[in-house]
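For clarity, chains are labelled A, B, C, D and E in written order, and residue numbers in each chain start from 1.
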Amino acid sequence: MTVAADERLAGTGLVRRLLIRPELGAVVGAVVVFAFFASRSETFRSVAGVANWLDPASTLGIMAVAIALLMIGGEFDLSAGVLTGTTGLITVILATRYGFAIPVAMLAALAAALLVGFLNGLIVVRTGLPSFIVTLGTFLMLQGINLGVTKALTGTVQVGGLRRAEGYEQARAALAGTVSLGGADFRVAILWWLGVTALATWVLMRTRAGNWIFAVGGDERAARAVGVPAGRTKIALFMTTAGAAWLVGSILALRFTSVQANAGLGQEFVYIIAAVIGGCLLTGGYGSAVGASIGAVIFGMADKGIVFAGWDADWFTFFLGAMLLLATLANRLVRRYAEEVRH
Amino acid sequence: MTVAADERLAGTGLVRRLLIRPELGAVVGAVVVFAFFASRSETFRSVAGVANWLDPASTLGIMAVAIALLMIGGEFDLSAGVLTGTTGLITVILATRYGFAIPVAMLAALAAALLVGFLNGLIVVRTGLPSFIVTLGTFLMLQGINLGVTKALTGTVQVGGLRRAEGYEQARAALAGTVSLGGADFRVAILWWLGVTALATWVLMRTRAGNWIFAVGGDERAARAVGVPAGRTKIALFMTTAGAAWLVGSILALRFTSVQANAGLGQEFVYIIAAVIGGCLLTGGYGSAVGASIGAVIFGMADKGIVFAGWDADWFTFFLGAMLLLATLANRLVRRYAEEVRH
Amino acid sequence: GCSSGQGGQGQAGPSSAPAGTAPAAGGGNFAVITHAASGDAFWDVVKNGAEAAAQRYGVTVSYQGDGDPARQSQLIDQAVSQKADGIVVSMANPDALKESIGKAVTAGIPVITINSGADRSREFGAITHVGQSEDVAGRGAGEQLKAAGVGKLLCVIHEAGNVGLDQRCNGATEGLGGTVERLQVDVGNLADATSKIAARLQSDTSIDGVLALNPAVAIAARDAVADTGSKAGVGTFDLSGDVVAAIQDGEILFAVDQQQYLQGWLPITFLTLYKDNLNTVGGGLPVNTGPGFVTKDNAAQVAELAESGTR
Amino acid sequence: MTGTDEAAHGAVDKAPAGTEEAGKASPGAGGTGSAVPLLETRGCGKTFGGVIALRDVSTRVHAGEVTCVLGDNGAGKSTLIKILSGVHPPDSGAYLVDGAPAAFAGPRDALDRGIATVYQDLAMIPLMSVWRNFFLGSEPTRGRGPLRRLDAARARRTVREELRSMGIDIRDVDQPVGTLSGGERQSVAIARAVHFGARVLILDEPTSALGVKQAGVVLRYIARARDRGLGVVFITHNPHHAYPVGDRFLLLNRGASMGEYGRADVTRQELTSLMAGGAELEQLTHELGRDEPPVTP
Amino acid sequence: MTGTDEAAHGAVDKAPAGTEEAGKASPGAGGTGSAVPLLETRGCGKTFGGVIALRDVSTRVHAGEVTCVLGDNGAGKSTLIKILSGVHPPDSGAYLVDGAPAAFAGPRDALDRGIATVYQDLAMIPLMSVWRNFFLGSEPTRGRGPLRRLDAARARRTVREELRSMGIDIRDVDQPVGTLSGGERQSVAIARAVHFGARVLILDEPTSALGVKQAGVVLRYIARARDRGLGVVFITHNPHHAYPVGDRFLLLNRGASMGEYGRADVTRQELTSLMAGGAELEQLTHELGRDEPPVTP
């Protein structure tokens, strides 16, 4: 800002400017949840404990960031969870039943994932149907395909044995290995997650594509009117989500060397939850990648913290629900304070 | 219309006026699905077959109509599915373990359901958090309560024995009995479903409350500005949904005389799907009760039709997904034709 | 009820050297981690068994379960970082758990596998295995149905892609030797399950047997058979009060009873013994808990037990 | 209401209009004879986050009087309106209704006190039909008890008549408002506020999207409302619209009051030039080299 | 551009303007000397479901000429604009760009052919900041290849300058557009269209929400764009705004054309009265009994 201060601007401290960022509320939520569980369980705040809850947060985070981009662009993707299973299944089946080297099998899975993303996007853009319904359709269809094809090819509902496939060790080291740090093993996936978050933030804030994503989510008609290629932007977003699903699917397949036909089922909403906790609006046009990542951390902490605290598994979901509500409320209060009456 | 025709009105036939109704697209979708399965399976189109697929459509329909009202009012309720289980559990536990007469137990369950609905609404209205997140929180919490309380009180995850409770026969006849018609047994729940649909349609189209529902969903700020009690309307909608969940929960509990702690889990999205197939907008302000009912029928027919047609169970969800997509597309095409460029 | 925070108790130290002193009563801290979501009727009995044993021996048990192998393995990792004194794992997907179980074994934590995964148990370094795989139970059910004269069976899967359920159906196929058709229903919506089973019975009248894999679905199957006037016999896995009553009334032929209560009770017993006294039962050979069958003959005896969640 | 009427009013309302405007407040600024103004703000201010939208503005609205609020874009006119209509509470200063401090929780409360507002960013629901929008919040019903229902026939008829009497002919009152043209929508909103004529009518730039004919109709409406004894707050950019109906003119600039003038204290020309850029349009015509061509055919 | 300039243009564009307007089309209606108009509609019509919004309208837009479209609310002005800018294809009639039939799949295609539009229902994204909105669809970038990124500093600077040069001082170009006042938003939209000045600039009621000063600025912009050789389509209700800058005046009524007039054929007074209700305001002033008070202080 080089312009002289306007007399109609009340003191806008750095603090307030920071607080207006969509993710800062989520940060407060994360701090609250962390403090809560850290005070309940020593292991939770130990290095090993942190490594432990960062592990699920990493794969969830990668997906949450992709879904956040899509949600900022005004669309949903319910097929993303199952797609992580599909890509894993393709990789494992090709590598173990058809003797493909793992990198080749992974590329084939990526191609399939991008095709699914492309079709999702194309149908949404062409028919104008809500993406909620379209991707619900793909979700169900993929679920059927995962089960039907796996059963048809292998006779069971899970395929394994990836360990023996060519190129396994390298692929595993790159995607599913661990890094020792402070006496605990951290998953490499955490690095991938940080990378994806940084990349997504850069795209959102610093590129034309990012501008278009906000625009198509904020008001698609208006965006089209000024010449934003709304259709292409949305298709690209669906393909990005599919790409993220492929990354997560590969990470999980390499790590567990086997995939079940129902892998990823039910995760689609966890992604959306993480994105919303991180400040994304369900109506589109607002949100951030960093926020979605922090949402994933909150979810991961609450999820694992309850186990660390040793609470009864029967009540698990109760505590999880209460945690989520409290985290979002904390988030909300901070945002309220920052924005005051801006609606 | 008593006013003389305006020269700027092209011939607006009755047909076009009908087609503009949100549910008429769904009717076409329903006809398509029916025709398809009727041609594949004789049983599907027999009276017994119709009674069969109308059975699950009835409970789904009751919920879909309530959810449709809520969605027209601009909100979601993810806790509705689990709440059907909660109400059933309360009724059964009170009637079998504490010796309450069934009507009394049911009233207690209703009170509990309405309280949950009220709290959902209150939190949404007061905090301004998206209902997606708030009711997700209640969903998780109820899920935990259902399991935790049932376990604590009975030591198992399901309670039964309602048959021996006082007032069982009458209650069952009213809510879960059957009516013979054309040689097949139709469930009484179908009548309840028709009644709920008619009532909801009347409220939506013919009362002030209906006007307010459309208004708060269409533009809450604007509705508030002209003095619509937006908060009260929304809370009432959440309570209506809870009431419907109670009705469905009671019907199922009386029918099966036992309830599992995880009953209703996962149904919440089926309700939303039915409402959306029936023409409700996810963004609120548009939709119809009849449409939601027809959405429930489409879903019920596709779901059962696949079984009647005897297709491979492994591919079940694939066919279901394809069916849903096609039905919504048919729906969409009809609407497009009717509305042309209106966006 | 809620067990106390284990964070603190974890400090009891690595239990790899369970003090060669006299068996100390209590103080153990065990984790039971299964591949089923909480609320599942079968696994709830396992949980009851484990908790009853814990109470008996004065140890703490934390029960967790998740059908997603990735999350199950994370739960094992958590137990390891909490330095549990012993871990009980059901291995529906052994490959996926290999790494985490290996970690536990390396950390010197005794592991007992339960239910499925008997063949990989020793390879992974578990001290023993309790229970048998779902195929065996399924085969038993198939044989029972065959004995009842069933030629064409409908196997009702209430959770698509669930490995355990798939194994049960596969086992039943083997045991029956006839045609087995599968049907997918949603356990959360029994009305729908009923009408789906009825739809299948209506459209294929040659089906003369229905195998439910869950007691609630068994009731739905019974209703469907009654609604359609089919003469199909119904068999089921696992018990509930309603199922036992139906067996007594002759509406359901039998229920496969793995006596899964033992799959909860025994591992805790074994782990306590191992911790206090370094005992390994049977030199690590699998301990079978079933399958048993509840039929009209013995239904009366188990009726009450099923109501209270121990059978 | 005639010129003589007006003088009579002016004589009654001799009390100073506010604080700093006291000097400027004109003896000619009308009033209905009631000493207590319907609405009054005293040094009201409003801040949005870091933005000061309104600062220390005082004004009064009397029954039977039209208060015009004029000012540039972003001057804070809509913000003032939102305070008056209960959407925002003022951050500083006092807001009095009938002489007593108002504590409105929302527009509903203001409506209940008889303060009706037509917002610039139209309070209309695009997906709802014209007649439903028109009666939203004040639906006519018939039947009683559980059978109480919308009187749709009456509502449709009323809307059609109201709109026609305003010179707008909407084809079909069942048409969704979202398909109306910008001006049609504005007209419906005004017709609604007038129909439910309250004690105070607040109009935020009602004429800006309207053609000359409709604008005239609106001005006539305003005058009629005033004659019925309503207090009217009328916001506009157009001094030519403000002058014919206004009794007081409040000028805002960058959030602050530039003074309140009574009708008698100011001519149309003065008003126009006060609005900054007054005869600029004339000027512009010359500047652009486009003088009137000689009158030909 | 001066009167003599104009006469010269008029002389070139002697071809009848359309079909039924041929008689009325004025020899004075300007053109830049190119015989082929930039845009031309021939008997265009548009129906929405059962609503006939536009019927058989023909007009032309020449380079260096301002075509004003005037008409009552709901006359179909915005609909015509949407056809010109590629939002809707016409249902009947032909739409020619540079003399060749145009087949636009959307506004993007029109933009690519140099047709930029400012819509009445502003094409702005409320949640996005002012500068992001300003450059939306034409973002300045730096770096190349995968490092190609928004040049945010330049964008902010440009926006601030453009807006200041238009007389709007936005406090903070990072403010979301949704928090701007109605007029401020409109100004940003116009500044954007002007900045990306295309061959044809279409403005739908750009001045209606603007104060006198800002309106003057917009008119000056329009004149400047015309002088640069752009074809401008300018929609307004205000004949006082239309007259200073317009070269042709297309009058619409209830979806149909009431004729197109050249500047030379019509005086401001005639235009005003053609717009129906012409001197009605003056009339109204009298009618409301509010003659100018004697000039006092």
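Simple rule for what comes next: contacts are C-beta pairs under 8 Å (C-beta built on N, C-alpha and C of every residue); 3 or more make two chains touch, one makes a residue touch a chain.
Keep in mind that this is a model prediction, so the values were computed, not measured.
Undergrad: Keeping to the contact definition above, tell me which chains border both chain A and chain D.
TA: Chains that touch both chain A and chain D, as defined above, are B, E.
Undergrad: Compute the shortest path length in steps from chain A to chain E over the network of touching chains.
TA: 1
Undergrad: Measuring between mean CA coordinates, which chain is farthest from chain A?
TA: D
Undergrad: Hey, which chain ends up farthest from chain B, C-alpha centres compared?
TA: Result for max centroid distance from chain B is chain E.
Undergrad: Ranking chain pairs by how many C-beta pairs touch, which one is first?
TA: D-E
Undergrad: Distance from the CA centroid of chain B to that of chain C, rounded to the nearest Å?
TA: That pair's centroid distance is 34 Å.
Undergrad: Where the CA atoms of chain A average out and where those of chain C average out, how many Å apart are those spots?
TA: 33
Undergrad: Taking the mean of the CA coordinates per chain, how far is chain B from chain E in Å?
TA: 49
Undergrad: Please report how many Å separate the Cα centroid of chain C from that of chain D, as a whole number.
TA: Inter-chain centre distance comes to 73 Å.
Undergrad: Chain B: which residues touch two or more other chains?
TA: Counting only residues that touch two or more other chains, chain B contributes 8-9, 147, 151, 221, 314, 316-317, 342.
Undergrad: Among the residues of chain D, which are close enough to touch at least two other chains?
TA: Within chain D, the residues that touch at least two other chains are 48, 51, 171-172, 179.
Undergrad: Multi-chain contacts only, two chains or more: what residues does chain C have there?
TA: Each of 1, 38-39, 160 in chain C touches at least two other chains.
Undergrad: So in the complex, which bits of chain B are touching chain A?
TA: Residue list for chain B touching chain A: 123, 127-130, 132-134, 136-145, 147-148, 151, 221, 269, 272-273, 276-277, 281-283, 312, 314-322, 324-325, 328-329, 332, 336, 343.
Undergrad: Can you list the chain A residues touching chain C in their complex?
TA: Interface residues on chain A, with respect to chain C: 40-44, 46, 48-49, 51-52, 55-56, 59, 143, 146-147, 156-158, 160-161, 163, 184, 252, 255-258, 260-263, 265, 304, 307-316.
Undergrad: Where on chain E is chain D touching in the complex?
TA: Going through chain E, the ones touching chain D are 1-3, 28, 48, 50-51, 71-75, 77-78, 120-121, 168, 171-172, 175, 179-184, 186-187, 205, 208-216, 219-220, 223, 237-241, 243-245, 263-265, 267-268, 272, 275-278, 280-281, 284-285, 287-293, 295-297.
Undergrad: Would you tell me which residues of chain C are touching chain B in their complex?
TA: Residue list for chain C touching chain B: 1, 37-41, 44, 48, 157, 160, 181-184, 186-192, 194-196, 198-200, 202-204, 215-216, 219-220, 223, 227-228, 240-242, 307-309.
Undergrad: Given the complex with chain B, which residues does chain D contribute to the contact?
TA: Going by the criterion above, the answer is residues 85, 87, 106-108, 111-112, 117, 119, 122-128, 132, 135-139, 141, 148-150, 152, 157, 160, 169, 171-172, 176, 179, 192.
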